[in-house]
């Protein structure tokens, strides 16, 4: 019995340092987004009106700040759930994660780019490509773990398909957003609102928590 | 017996990664506050007098640095206590936390704003609104956890009311501070000294530690 | 037996989130020191000679980078050892830690100040005051924990005195450094080399590890 | 039996805070690399072409961003594996780690230097020296742990030699890169592609995981 506990402790060990790196890089990237919001040297005479005007001019930056923060949280959340179910990691899985984190850590830059030049298609495309790579690598990560026997739960055909759809949903929204830049760059990121249509995300997840309580 | 331990380990698992994200974002936001303090290019000839004058001119920035650091620590502390008593998290709780963290990560910006333009009402109002949102979302977080059966302790009417008052105390102080900006923007943040009147915070907490020792 | 384990797990819980905050703020402060080293816009034509000259001109900054990094590591190390022996924390202990962290997070600023103006007494005094406060608050932290029954080991008169001397040694070196600024600001921080004289630090520590293995 | 578990818990304790510092500094350094990518003030009129041209001009910076991110991940990975096998730490081991982290935290600076002046030998040499020190100190760390009985596994002559070769491989690649700067500074970092030749890294590691499952 206690040997099981020991195994439990050890198994947790096996993935908890990659989790620490993931959590660290997400927390830092999410917080660095704020560096995008800068307090300017307002030319004298400074007035309340000037400060308010400045704050209003920041609205596009607040918008991309919120958007990137939420999107990173979505990706963190998905990874979070996945690692609950990963039995062990191997070399390949760790390197998929590292490349993934490389794109995650780039988000403050692409956020800053659309914060400054959001009305230009090129800037928005760069942002959507960044999100696309994060999404598709998260999918590969999951796909690899499931198909290489690293996951701790048995996947029914149905739950496998549901999960795959969630993982492919995010890069799909990025492609949709890329398409929308041809109509209106500034509004293209509205495509990500599609996340709220992923009602199934919530539901599947509840089932999963129940599953994982069982294991 | 050991199955209880295993459950214990698992339960901890359930919330410990959101805790990691919370701790990470708090630690980073608190440390990024220092970026608000910048070493200037003092025009030649540099003298000790010039450096001392510069350091004195930084006093308002040191003040907001200390204030924001302490306020973030207060919020972190409250969250810290709460998660001790949270049995499990669900989707909604995690998203309340994410939105909360979005406002937490914005504190270095609003601190920088009042550090630069603290004598203007608009800048101070922005800061107090930021703190108000952090306070009110922390309250919602607690309220949701307690009313959705996610908390691990039973709440007597009395301890429920005490906790609610503490949670509502902080946004109340923000509103008070907003009011004070109409009298004196620079001194409005003195309202937060009201935290020290929360004697009950300390006392309730001790009771809680005892409670949680029991569970 | 397993109830003891459960207690063990819970006790660890009690201090491990303040540890996370401490570790986070130390890691971030130590890493932010690097922002002090900036790559300049070397005026054209850029040559290898110009880059090498620039890197040589950075030597004072590399020096304070190394110094602050090591000093922060020393403080982190001392705190690290202490929390091994802390049974539980209370409100006061947490707030001592928060104020302490406020001075820790300020180190990138004071490092940047001496990196830029290290030949001026005022800048060096600011740095030494910063270190003095970190040292003296670390002492208060230890003093409070020991005298309020929060420490997990019994302190013999001898080990108590040894520890006190170590804790008081660091602020003493800061005072010494402040004195040295009257002779030579640039060399005043040499006072911190006195840390290497704390041979007892190493020895006491080994005994402590053995003690803590026993508990 | 449960006393073994308690010992297990305690042992983990012994090294898990240095791991936290290591993970924190790696995560922050890796994320700070992004600060190297800055959004410019493109002179009006801003056009899509101007943005795309700017992004193309960033290619050398993207390249060093990716390179440094991967190299830091390699070092983190090696350290990660090592601490799995470290029974306990002592003073010397911690200080080797601190000096090591000092060079790790300097990577965003040297990355920024080659991002800006990568076509100059002096800048590239600085970068390769930085990597060399990280590599050689990682080797010393391992060497010290193995030879001072701090490692939890028995090293056969063969596995000892394999590990030593891996640890010495990275500083060797840095020296190779330094040599290549005499031919072409810009391409010198190609030497690090040699990592992919470390096929043995993967294989040895798998054996080790099996070993560590046994302990």
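A, B, C and D label the chains in the order they appear, each numbered from 1.
Basically, a contact is a pair of C-beta atoms (placed from the backbone, for glycine too) under 8 Å apart; a residue touches a chain by one contact, two chains touch by 3 or more.
Keep in mind the model is a prediction, meaning the values are calculated, not measured.
Asks: Along the graph of touching chains, what's the shortest path length in steps from subunit A to subunit C?
Replies: The least step count works out to 2.
Asks: Can you work out the rotation angle that lays subunit C over subunit D using Cα coordinates, in steps of 5 degrees?
Replies: 90
Asks: When subunit A touches subunit B, do the two copies use mostly the same residue numbers, with over half shared, or different ones?
Replies: different
Asks: Going by the average position of its CA atoms, which chain sits the greatest distance from subunit C?
Replies: Taking each chain's C-alpha mean as its centre, the farthest from subunit C is A.
Asks: Could you please state the distance in Å, as a whole number, between where the Cα atoms of subunit A are centred and where those of subunit D are centred?
Replies: 25
Asks: Where does subunit B touch two or more other chains at once, residue-wise?
Replies: 2, 5, 9, 20, 24, 28, 32, 35
Asks: Quick check of your reading of the touch definition: is the inter-chain graph here a line, ring, star, complete or other?
Replies: Contact map by chain: ring.
Asks: Between which chains does touch occur?
Replies: A-B, A-D, B-C, C-D
Asks: Could you please specify the touching residues of subunit C with respect to subunit B in the complex?
Replies: Subunit C reaches subunit B through residues 2, 5-6, 9-10, 13, 17-18, 20-21, 24-25, 27-29, 32, 35, 90-91, 94, 98, 101-102, 105-106, 108-109, 112-113, 115-117, 120-123, 126.
Asks: Touching residues of subunit C toward subunit D in the complex: what are they?
Replies: 1-2, 4-5, 8-9, 12, 19-20, 23-24, 26-28, 30-35, 37-39, 42, 46-48, 51-52, 55, 65-66, 69-70, 73, 76-77, 80, 83-84, 202, 205-206, 209, 213
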